[in-house]
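Chain IDs A, B, C and D follow the sequence of writing; residue 1 opens each chain.
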């Protein structure tokens, strides 16, 4: 039987074709000559699931510089290194309402967030290392771990960024004068230019995103790259600030944490499910890949990826209830994912049945429960306690330990 | 047996006590005399699940004016009335990076979003009605439907707001001069003041939030108040702009769509699960209820409510696989919630088993599948098609129709 | 013999012709239909001296609405009415660095200055009167007194301004909410629209400017319209803020206090000498009459009007010194305008001569002194005191009392 | 007889005493340790007239660093070097409405004006020189020429400024990224720090100001330091932008072009008359010397220095008119300074007398005319032409050539 990747990749092919056929005008970034060489016809979509499987369509192995997408991952590395409280003294997490290269510092002298240039440079300054080379190597290894392969810097692009990088140097200097940036401006900025010049493809972005989707564990290498809370923080940040001054509209329309880069890449993340990488160089007026945005919007709608989509109404978490009047035993067979709502249904149903049937024994069969949230477990244990207090015998069949208190 | 609400309410009681004991300084809003009368000691937490059950602790029936919390719900009413595209021509959805009463209009003349005053007033202007009374009545009925009981306006507070409301009148006038607001300034502003003066309690907020959590259906009255996509849009907006210029930090720390009001209320929503209402009048410097923020942060951590928390690792969606070599039949028993990742696991596992066993018949037992996402259904149907193409007979046992294409 | 006005009018004719021939692109204001009717070919220059003589060229009797030029004169009326300290609590005197219709309030809640719309509206609110009609009548009479003839309002333009005046209403409302504006918004704004719609011609503007140039005395009617210090304050303001966000460049290039209006008028003032009115409807991108600016720049250069032009080096203020050795008497004949520098020259020269000649009597002949500044008089009296203290007899021949202490 | 300087110096002493006795709270700048050492009790006033005489009171020989006062003089040097058009492509001349260290660039990428830090640094970058030392030496020589003595840099202060100068480096970098600054950032900024650290006393500032008052000629050394139009441009700039975001109020209250420095110095200029230097380290909240501002305001009022003070009403410029009926000759004796208004009076009077008397000869006696403006000369020559055209003989007695066409 053929490999099962097809339906997703087929869907991606169709999205590529529809977006290509649509009207999504954009211009390849040209503020440095190297970027202007980007081929406007290249277009790719790739995804990687938290199970480690990958899907792709289009030019998914064409390499391009990661640019601002690096900001989210370097921020994660820095959070893992120093802890969130220490990092928050240097850079905030608020959307700035301004352009990516805005001079945006809050009243504490912090750049608004790590995804605008000023904040990204401060973030890079927090990477361990005393020289630009040391910092860059630290970053390169970290982002390579996210991608699951060795990434390399396009030194030509980095040199071009550096040659035209006075505004970024100025932002770094302002950050140093406000106390947000500690260290050498020039080393930090050089490391930053080279971090932005790391070469990736759409597949790499998908795996990097999947690592965030998967609690910081790269699903391909199965290596823990950053702790789970750090992955969560990175996703929060990408949700509120990831798409420049288009972030609110993005959350509205697409509803996925994401980050774009000026070379045409975008990474988007469906938490707990997969990472998506798209690539198409022409940028819309806000600075996001025009076709990339269109593709992700279409994927979000078709695949129901929006964070706030309501999941299909669940059938009851209780698949069967049987009461044996002879043994005065009620058996409830539970199934599926038990969240607050499901546990609440179980609890109410159990109380009703026991009261009605006069059973003296309650058997909970949990073999088909796939997962249970903290609050669901709390509710169920409360049910059991109250049942025991009422003199009812309890048996829980939970071979996977899904209902154990954490 | 006693009612099952206890463990949640007990948890709420504990949070109330811990937050009361902590240091969360704040001041009761005093820009109008009526608000200054708010009792700083009042403190309540309430929740309502999408199943319609409620939980509460503290002063959950103390009434207060809804204030800015109304903005999110009136926006939902307006989206339901006019459609999102029409509404977007009047007011944007970007965080402004500025204070709630900022003069923040984008280059199209639109207020930045419906949750700052300028945008909220424009939103109110889109409510049907030719007089302030008509508009207010429309809003009052709409918000009452969200709450599941008749809400009433505190006319004393409304009069006080009106008496000191010149800045809001000016914002309305600016919005009219930019073309965002169509209609009479004075009527709109009066309706707005009275909308902000509707009286609610923490329980009301919980039910209102639960209605958004529940695809726009009030889980208590079971009435559809706004269409599901509108509820999703309202939640997106609350995520990016709900907590004034603290929205990024809020998403970072608490990770729930929310909206606060100057009288001390906050509504927060766990999509698909429940709504939460908290109430405590003293405000932090940003203008959010100081204890309310602390309580929600604690609840989010303890109950694992953050949008980007990774759910507990699921056990396999396949609870049993059996191959009968005599009949050359493989039976896969599926369970739980099938999302992309789960469906992908099923598909890979099925292909492997069939190839290894040489079975000619595949039976899928889906009785214990509680829900399935679009992309999961797409993946499974692709699996079935490919199996059929490979000459394998298929039987799907799906009494609830969970795997039917939508 | 023919009237002596010719050389100035001839110079004006030449400037008109040269500017017409030059490239000074502009567009007639069209934000209200009535203004768009302005004839782009009309062009006028007029001047009125502090002696009451007038000069004109071009369409100097074509009437147009005074628009923002009124702001400077209404401010003068308000200063005369309430005193500068009281007025400064309502509106500042700083250039805003922003456009005329900017929302520019300082940290005290005051509009930046009376020449941006927000400040002008606050200024109009300080005009006595309880209705729009009363205020307008007060303003109309005041500006008529400046012009030396009865001015009338173009009610069609005023109605058109009112119909499109929401932004100004919003500015008024913001000013009221910040405490700068006291009174009824609607009445104030209506009075303001009609104040802007008063009809003047270039000659009127010249006389109005000459009144400021002449210490507040209309040189034609010889009536004191505002006190001298108020005229000085109005000129200071016009110097720093008169030409919108082009005021610094204007002071640099033209060097005259001035104020422009959107109908194409500009008034400029050479303090102590004359007022100039120009008129040409097409506006440059900053909003000043394009040809008007060019004409005033040319006039300033040719006539040496720039405030900081150095006056031609004066010849000695001492026209003759004679010492009669027989009577031991030194006679100094002074002439011209005695400022600090001239008086200093006289003092040093007198001391030198007396010491050298041994004269016992000093005669100062001041018949040809035309004026003397305070500090000059102080210096001369000190000279006389020291001479007397040294035993020298003094005689001052000062039939006009020019050297008397003030 | 004693030296005549006394009355001015006495007046200065009195002003010093009154200001000392008044309430003018301020704080010595402390953003660098060296400035914090400034003695808050030091207080000086000095003046120098365009005749080269000097007056002083208080600590007029106490040295302090020139700081931002240097900006106006370095701007003059740069204008003299490159011409105004070239310099305007790098830095504007508009008040910024913002603080001295604001990040204020116009849409052409130019700093708003040369008196805010960003603009001053760009100005310094336009000083010839390829190293910081070369630039500084050029500046030091230029400012020494303005002061009439060799100035020296306080290297301790300069080093301290450099050590804390990241914000200025950032401003320089931003200016380079916008194209306004051409050259090496670090060299320019170092030259700027040392330019600000040149040591002067109040007397030096007076002479420097007198040089601007005197058409660019140092009245003590009689050397032309900058061309007359450059001096005028520097004064225009100081009028609109000299006192930071207090410039409008300053022009209103004091009415003199001026520039202040953070070490407590202020230079003010009465064009064509004298320069004034004041010194007192404690600064008001805007950053200007608190006592210095008070002293200059008092001097302006007492000495009538305000640019827009109306000069004392002149007596007639015609001191005597005699008509000899026998010779049919009218003789007019003119006196004083002939500006437009005076010439106009002469012209009207002459026409009237000639018409009334029937004289055939007009004799103009100009021995007592001290100066005449261009437009006055134009008017008088027109009078003579018209008289000649009417058949009248003309004789002008003008031994000093005051009435000759320029």
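The working rule: a residue touches a chain if its C-beta (ideal position, glycine included) is under 8 Å from a C-beta of that chain, and two chains touch if they have at least 3 such contacts.
What you see is a predicted model; the values in this text were computed from it and never measured.
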Output for shared partners of chain A and chain B reads none
For A-B, which listed pair, A-D, C-D or B-C, repeats its interface with over half of the contact pairs the same? C-D
When the centre of a chain is set as the mean of its C-alpha atoms, what distance in Å lies between chain A and chain D? 62
Inter-chain centre distance, chain C versus chain D - centres from mean C-alpha coordinates, in Å: 20
Residues of chain C that touch two or more other chains: which are they? none
Quick check: in the complex, which residue numbers of chain D touch chain A? 103, 166-167, 169-174, 176-178, 185
Within their complex, state which residues of chain D touch chain C. 1-4, 6-8, 11, 49-51, 53, 92-98, 104, 112-113, 214-215, 228, 231-233, 235-237, 239-241, 245-249, 251-252, 255, 257, 270-274, 302-304, 306-317, 319, 335-337, 339-342, 344-345, 347-348, 351, 354-355, 367-375, 378-379, 381-383, 386-387, 390, 400, 402, 406
